[in-house]
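Going in written order, the chains are labelled A, B, C and D, and every chain counts its residues from 1.
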Amino acid sequence: MADMAVSRFPEPAVLDKGWIPRGVSRCSTAQFLGWLSPWVALLLLGLYAGWMCLRDGLYHTNMDHRFVFGLWIFLDLAIIALGAGAFFSGFLFYILRWHEMGAVIRSAVVLGFLCYSGAVVVLMVDVGQPLRAWFTFWHPNTHSMLAEVTFCITCYLIVLSIEYLPLVLKNRKLSQIPSFLVFEFQLHKVMPVLAGVGTFLSFFHQGSLGGLFGVMYGRPFAYREGFGIWPATFFLFILSAIAAGPAFLMLTTWLTEKISGHRLVRGSVYRLMARTSGVLLTAYVFFKCVDTVIWLNSTSQQAGFRPWEFYAWAPFGSWVLFLEIVVLGLLPALILLRASEEGPRRWLLCGAALACAGIVVNRLVFTIQTLALPTLPFDEFRTYLPNWVEVATFLGVVAYAVIVYSLSFRYLTLFPQEKELARATARGPQQEEIHVSGR
Amino acid sequence: MAAQAKIPTPPPQKQRRYGMVIDLDRCTGCGACMTACAVENNVPSGPPEADERKGINLMRVFTVRERNSRRTAFIPILCMQCGDRTPCETVCPQQAVEVDPLTGIVEQMPQRCLGCRYCMAACPYQARTFNWWDPAWPAGMETTLNPGVAPRMRGVVEKCDLCHSRLHAAEDRAAAEGRRDLNPGEYVPACVEACPTQAIVFGDLADKASEVSRLAAQPESFRWLERLGTGPKVYYRTRRRWVRDLARQGGAAPNQEVTRG
Amino acid sequence: MSATRRDLLLMTAAGAGVGMVFTPVPWKLLDDVSIWTQNWSWLPKHPRGEITITHTVCPLCPAGCGMKVRRVNEAPFAVSSTPGGALCARGFAGHQLPFHQSRLRTALHRGKAAPLAEALEDAAAAVERARRSGAVVAVLDQRPGRMVSVLYRQFLAGFPRAQYVTLPAPEEGTLRAVAELTGRPPRSLGYDFERSRTIFSVGAPLLDHWGAPGRLLRLWGAPERKIRFWHAASGNSRTAALSDRWMAIRPDSEHALVRGLISILIREHGAGAGLALPASLSAFPPEEAAARTGVPLAQIQELARELATARPAVAVGGGDPVAGPLPAATEQALSVLNALLGALGTPGGIVERRPVPQPTLPPGLPAETTLARAPARSIDVLIVDSASSGCAWPLELIQDKLAPDAVTIHLSAFRTAWTAQATWTLPVPAPFEAWEEIPETPGSRLASWSLAKPLFPMPEGAISPEAVLHRFGLPEDQTLDALLQAKAAAIEKAGRGVVRPLAEPDESSPVGEGLWDQLTEGAVWVDDPEPAPRPLRAAIPDLPDLPQVASTAQFPLLATPAGSRGGAGSMPSPPLASKLTRESHLEPAAGEVRVHPRTAESLGLKHRGRAVLATPKGETAVVVRTDPGMADGFVEVAIEGDRGAETLALFPVSRDGAWRWSPAQLRRA
Amino acid sequence: MFPGVSGFEWSVAHVIFLGAFFTVLVVILASLTAAAIRYLRAWRERRAAAIRWHAEFEELPPAERLCRHALTGTAPGRLCERGFDCRTCAEHPAFAAREAQGLVAVPNGIDHSPDRFYHRGHAWVEPQADGTVLVGMDELAERLAGPAATVELPPPGAVLDTHSIAWQVQREGAVARVLAPIAGRVEETGSREQGWLLRIRPEGKLDLRHLLHGPEVAAWFQSELERLQGLLAPAAVGPTLADGGLLVDDLPTAQPEADWDHIYSAMFLRP
C-alpha cells in the first residue's frame, strides 16, 4: 500500500487501475500483493488452527476447566470495544449530525464490520458446538447476558453488513452496473434508520458484555451491584467502549495514513475525535473510580472476601488497578483533552494509544484475572498462557481484518477527504495548512 | 433421560430438596467416590494429555494442607446444587441448565449445551467440566458403559446431577410398586454408595426428619462460600477448627496458611 | 432490458425463498441438524438389556474385597462394595481392565508380537531343554498360598533343580520377622487390630490400601473409636494425614526410631521384664534416636509412654507397596519392639493364624523362597505368574537372580515393562476373565477363602496358566480344579469356619455340605478365630545398627518412590485410575515429583515446572509439584503407570532387597 | 423463541426481550424492504441516470462543485447543491439577472461560440432551426482528448437523460465519459471532423437555463484552465500552455507522464 505520489522513474504498473477510485493514487499491483502476501499466509495459518479446533475439539487450545475463557474471549471483548467506533461515529454522524465525522464514518463502518465479524468467527471456533449456535435463538434464556449479547451482536452484524454494502457497491467498477448504483442510492436513504438501530443494538451489547461479568455473583472479583437488572459494569463497558471507539479510529486512520503515505482526513477531524474520546474517557475514569471504591469496600466484602485480597496474587497486584485507572485512563484522558485544543499530532495519537490500551487491559482483567483468582478458599491461583493454536487463530482474524481493510482502502472510497487533500497537497503545502488549522 | 419415557404412572409429587452432608473427618481421600462416579456416569478416561486442568471429574477430592502444622484435610467437591440463586442456571444463554423444581437437582442438558462455558466461569465451585475431547473408550470397553446414562459428546459442559439416572430408576421401581414417593435410602448417588467410610450422608433436605437435615442443622456443618448467597445443598461438617475457619473466608490468599497440595 | 430480466430472476428467487418457509423442507432440515448435532453417530451407544446383579470378590489384588456387580447382557457396567465392604478406588473401575489399551491379544517374543502356538512351542522346548540339562527352573509367584501356587510347585517338582520364588506382600514384612524370631512358618501370623488400643505404624500405609482396606478403615472410622493410630514416616501420605499422631521422621531413620523406642521402653517403662535382653538394646541412646529422626525426644518419649500404657499396642512395619520393604534389620528391630510390648501372641497384637485345611499334597514339592533370598544369577528358566500383588518391584530384583542367557516366560494379560524384558510372553486371561482364587488377606488374623467369578468369557487367543503348565510337561491329571475341589473338601471335612454370602454377609452359616457351590455362587469362607491366642515365645537377639541413607554433594536431596497399590505393579491400573492420578493429583501421577515449596524455590523450580531427576543410577524427566506437606530436602517420586518401572529403576536395591531411598538431584530441565 | 418452542414462557422478561428483538428485526427488514421498493420504483421510472448523476455529484470535491456564479465572482465560494441543474434553483434567476448587466468576457485562448450553450462537463448544445440540437465537445475537451482519441457514440434512437453518459472518448489507458448536456433522443450521429457529434431531439420544451452561455463561458473556461493546470502541476515538466497562454493541441501527447485517467475524471466531472 505504501506509495509515493510521483516518481521520476517509470512507475510500476497499477494493473487494477480500473477498480481504484478516481482521483487517488495507489501503489502498484505487485507492491499491493507483496503487502498482502504475509497477511494471507497468516490467514491461512489461522484457518488451519481454527479448523483443527473445529475438527478435533478444543483440546488443541491451552484453555482448561478454570480458564474457560482464554485469549479468544479476551481479545473478542477488546476488539468489540474498539470496534465501537463504528456505532458511535454512526450515532454522531447520522443522529447528532456531526458532519465532520463524515470523513471517517466509512472507515469506521468497515472497521466495525471487521471487528464484529472477526469476533463472531473466533466465537464460533471458541464454543464447543458451533452447529448448535442457533439454539440460543431457539431457546433463549432471557436472564442471560450472553443471550442478549448473542442477539445484539447478530443483529448488529447484519446492520453493519448492510452499512458496508453501499461502500462496496460504490466501487468504481461496480457502480457502473446501474442497478447496483440505484440500489446503493436507495440503501443510503434508509441508512439513518439503520444507524439508529445499530446504535441501539451496539449500546446494549457493549453493556451486556460488561454485564456478562458483572452478574457473576459466584465470582466476587467480577461481580458488581448496579441498577435494576444491569450491574455497574454494564454502564462502564458502554462508556469505555464509546470512549475507546474514536481513539481506535484515530489510530487506525493514522496507521493507514502512515502505511499508504497519503493524507486521509483533516487535522480538525483528529481533534474532534480526540476531544470526544477525552471527554468520554474522563467520565469513564470518574465512574470507574466510584465503582471500584464501592466494590472494594462493600460488594466484595459482603461476599466474604477481604478488601485487596484479590490483588494479593502475583502477577496481578494492585498495580493492575493503578495501571488501568491512572496510567491508561486518567493520563490519556488528560492528554486527549489537552492535545485536542493545541499541541502536535503525536500527542493525540499517544493519548489515543494509551486509551485503547486501557480498554484492552480492562477487558483482560475481567476475563483472565477473574478466572485466575480462586474462589474456594483452598483452591489455587492459576496462570494461563495461550498456545500457538489460539494465537494463530486470532492472528488469522487479524490478518483477515487487515486484508479486507486493505482491499477496502484500495478499491473503495473510505476517506472522502483523501482526494481533496491529495489535490491540496499537489497544489502546495500552504493551502493545506489553511485546511488543517481551519477547524 | 431414557428412563423418562418409560414411567407409566405419574412421578412422585412430593417436593424434595436433595442434598448431602459430607463429613470431612471421615473422608480418607481414597478417591473411591471419584472412580465410582466416573464409572456410573460413563465418563471416559481422558487421553494421556488429560490432566487435572482438562480431565473430567464430576467429583473431585482436593488435598488441602495447612502449611505450618502439616495437617491435611481431604475435601470432596462436586456440584453444590445451589438452590437459591443458581449461578450457572441464570447465565446459560439457551436454557441448558435447569433446576428441577421437584427435586432441587441442578440439571445440565448436554444435548442443548452450546459449549460456551459461561456457566463454568460463573460457578464459584469449579464444579463444572468441559468435554475438551471426543469421548473415547478402547475397543470393547463400550460394552461396560452404564445403559442408564448417555455419554456426552465433545464440546459440551457436564457436571454432577446427583446420578439422575439412579433417581429415575428408583422412581420407576417405586411406581411399579404403586408408590408415589421414594423411601429414604432408595435413591443414593454413586459416590455416596462408594464411600468406604460412609462420610457422605445423602437425603432430602426438605424432609426435616431426615438424617441429612439433622446433620445439616448442626453447628459443625457449614457450606463453602455461603456468603455468596447461592444456597448450596451440599453441606460439610468437621470438628477440626482450622477446616471450619477456611469456610469463613472467601477466596484464599497466597500468604494464608492453607494451600492445595 | 437485461436489468429487468435480472430483476425478474431476483424476484423469483426471493419469492421462492419466502415460499420455502411455508414448506416442511426448512423445518425438517432444522430438525435433522438439531438431532444430528445432539447425537453423533460416532458416540458409543450404551447397551440395553436386562440388568442383573452378581456378587463376587475383586481379583485385582490379594485383598479380595467383596463386589456387587451390576451387569447388562452379562457385561458388567458398574460395581459397588458389598455390605460392610470397602472397595478401593481402583476396584470401582476394575471391570474395565480387560479392555485396557495395553491388553495383549497375541504372544510376545522379546517384546514383539508372535503367534501363540509358536511362542508356546518354543517356550516349551526351552523348558524341556532345562529339564534335560538340569538347569534351574523357577516360578515367580506374587500371590502365594493359592491352589495354583500348589500347581506350580507340583510342576516344579518334575525338575531336577527348581525354585519356587515368591514376592511377599508388604503387609507380611514384620510378621515374617516375628515368625523367624518365634520359629513359626511364613504366613502363619496375623494382626489382631480389632482388639488393639494403640497401633503404631512405621512407614506402613495402614489407612491406604493396606491389607483388606475395609478392615482398617472400619476401625479408623468407627464412632467413638478407642484405637489410637500413630504413624512414623517421612512422607505426608494419606495414612500420615489420617493418623491421630504423625511423626515426620527424617528419611531412612525408622531403625533409629525403633531402637530409641526399645531403649526408652526398657529404661523407663520396664518393658521386657522376664525376657533375656541383650544389654545393647537399652544402650542405644534415645537422644540419638531424636537426633537421627529429627523428632523431639519428648515426642518419642510420649509415644513410648503411650505404647507402654495404652495396651494392647502393636507396631506394624513391612514397608509400602511402592516404596518397598523396610530393611531386614529394621523389621527385626520391630519384632523385638513387639516382643517388648507384649504383643506376640496376645489379643490385640500379633497372633497366630490358624492354617487353612489343605488337601494332602504329594511329597517333594519345592519350598518357598523369597525373591530377595534367591541366590544371585541362579535361575536359568523363570516363569512369572500373572497374578499381581498390586505392588511395584524393581526389575533389577529379578534380573540379579537370572543366570546369563536365562530364559524368562511371562504369563501376562497385558503388555508391561516386565513383558518387554521377557523372552516369551504368553497371553493369559485378564482379571474378570477366569476364575481367580483369593486366599486369606495378608496381615489378617483369620484365614479365609473365596473365588472371583469371571465376568467376561475368556477371549480367543488367551491361554490359562494351567494349560501352559500342562504344555510345559505338568501331567494332565494334575489340574487346578481338582486341587480347588480338594481344598473345599478339606475345609468341609475340618468343619471349621463360617460361610458368608457376599450379598448378605450377616447371614453367615457354618460350613457344611456344598461349600464349593456356595463359594462359586459368591461367598467367602472365613475361619473361626482361635478362642484364645497362644503366646509366642521369642529369644530376643542383639540388634545390629543400620547406617542411614545420606545425601551427597552431587545428590543433595533424598528421593523415595511414592504411589498407591495397583498404580505400578506387574499389571496396569484400570483406565479410570487416571481420574485419581493425572486428572486430579489425588494420587501421584506418572512422571511427577513432589517437593516442599522451599525446596523447589531453592532449586529454582516452579510448581508444574519441568525438571530432571537424577540419582546415582540414572536420570529421568519429571514435572515438579510443590506440596507444603512435604519435608524440606526430600523428593517423592511418583511410581505410576507405564513409566513406573522405568522410574523405579532409578532407586538402588540394597542387598536385602530394599529400595526405599536414594540420594538424588533435581534440576531445571 | 416462539410460543410452543421449548423454553418459551409468558414472563415479562421474556416478552420484553423477544419483543425488542423482533422489533429490531422488523425495523431492519422494513428498512431493507423500503430500500428495495424504492429501488424498483426508481428503476421503473428510469431514474437510474439521474440517480447516478446525483450520487456522483455528491462525490465531487468542492472545487468541482462551485456554482457558475461563483466562477464569475457574483457569488464567491458558493457551492452548487442541485447537480448543476439551474432550472430548479431558486437563486439562479437572481444571480443571472445581476450578471446580465455587467459581465465582461475575458479572452483566455479557448474558442467558444456565442451560439452554443456549454455544459460543465465540456459538452455544448447548439439549437437548430428544426427544433433539434447539435451536441459536441468543446475545445478544451478536444485538446484533452487529443487527435488520437476515438469517440464512441450512442446509436441513433438512443434516449439520453440530462447528465447521463452521452459518449465515451478513449485513449490509450484512459477513458473519458462525457455527460449529456440535455435530455432527448439521438437522431443522428456526427463525428469530430464534422464538428458535432450528436443531433438530438430534445424531450419536451427546450430549456437550456442550466447551461453556460454568454460572457460567463469565458470565466468558466478560465477556471477550468486553472483547474487543469493544478491537475497537471505535479508532472508539469513538459509544455502545457504554449506561449502566451495558448493551449497545445494534443495535451496527452505533450504530457505523457500525467495521470490522464485522473485528469479526465476531474475535468469531465466523474468522481
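Basically, contacts are C-beta pairs under 8 Å (C-beta built on N, C-alpha and C of every residue); 3 or more make two chains touch, one makes a residue touch a chain.
Not measured: the values here are computed from a predicted model.
K.L.:
Count the C-beta pairs in contact for A-C and for A-D, then report the pair with the higher count.
P.N.:
A-D
K.L.:
Of the chains shown, whose Cα centre falls closest to the middle of all protein Cα atoms?
P.N.:
Central chain: B.
K.L.:
Just grab the chain with the largest centre-to-centre distance to chain C, centres being mean Cα coordinates.
P.N.:
So the chain farthest away from chain C turns out to be D.
K.L.:
For chain B and chain D, what's the span in angstrom between their mean Cα positions?
P.N.:
Distance between chain centres, rounded to whole Å: 76 Å.
K.L.:
Counting only Cα atoms for the centres, state how far chain A is from chain C in Å.
P.N.:
Roughly 60 Å separates the two chain centres.
K.L.:
Taking the mean of the CA coordinates per chain, how far is chain A from chain D in Å?
P.N.:
From the centre of chain A to the centre of chain D is 38 Å.
K.L.:
Just give me the whole-number Å value for how far the CA centre of chain B lies from that of chain C.
P.N.:
30
K.L.:
Counting only residues that touch at least 2 other chains, which ones in chain B make the list?
P.N.:
In chain B, the residues touching two or more other chains are 94-95, 112, 134, 153, 259.
K.L.:
Please list all residues of chain D that touch 2 or more other chains.
P.N.:
In chain D, 6-7, 43 touch at least two other chains.
K.L.:
Enumerate the residues of chain A that touch no fewer than two other chains.
P.N.:
Residue numbers touching two or more other chains: 129, 132, 135, 138-141, 143, 147, 178-179.
K.L.:
In their complex, what parts of chain D are in touch with chain A?
P.N.:
Contact set of chain D toward chain A: 1, 5-8, 11, 13-14, 16-18, 21, 24-25, 27-28, 31-32, 34-36, 38-39, 42-43, 47-48, 51-52, 54-55, 59, 61-63, 230-231, 233-235, 259, 261-262, 265-266, 270-271.
K.L.:
Show me the residue ranges of chain A that touch chain B in the complex, using the header's touch definition.
P.N.:
56-59, 64-66, 68-69, 126-129, 132-133, 135-136, 138-141, 143-147, 150, 212, 215-220, 300, 302-306, 309-310, 312-314, 370-371, 373-381
K.L.:
Give the list of chain B residues in touch with chain C in this complex.
P.N.:
26, 28-32, 34-36, 38-40, 42-43, 45-46, 48, 50-52, 55-57, 60-61, 63, 65, 67, 70-74, 111-112, 134-135, 137-151, 153, 190, 193-194, 196-199, 259, 261
K.L.:
Which part of chain A faces chain C closely enough to touch in the complex?
P.N.:
129, 131-132, 135, 178-179
K.L.:
Okay, in this complex, where on chain C does chain B touch?
P.N.:
Answer in residue numbers: 38-40, 42-49, 51, 72-73, 75-81, 85-93, 95-96, 98-101, 103, 207-208, 213-214, 217, 220-221, 236, 238, 240-242, 246, 248, 574-580, 582-587, 589, 594, 625, 627-629.
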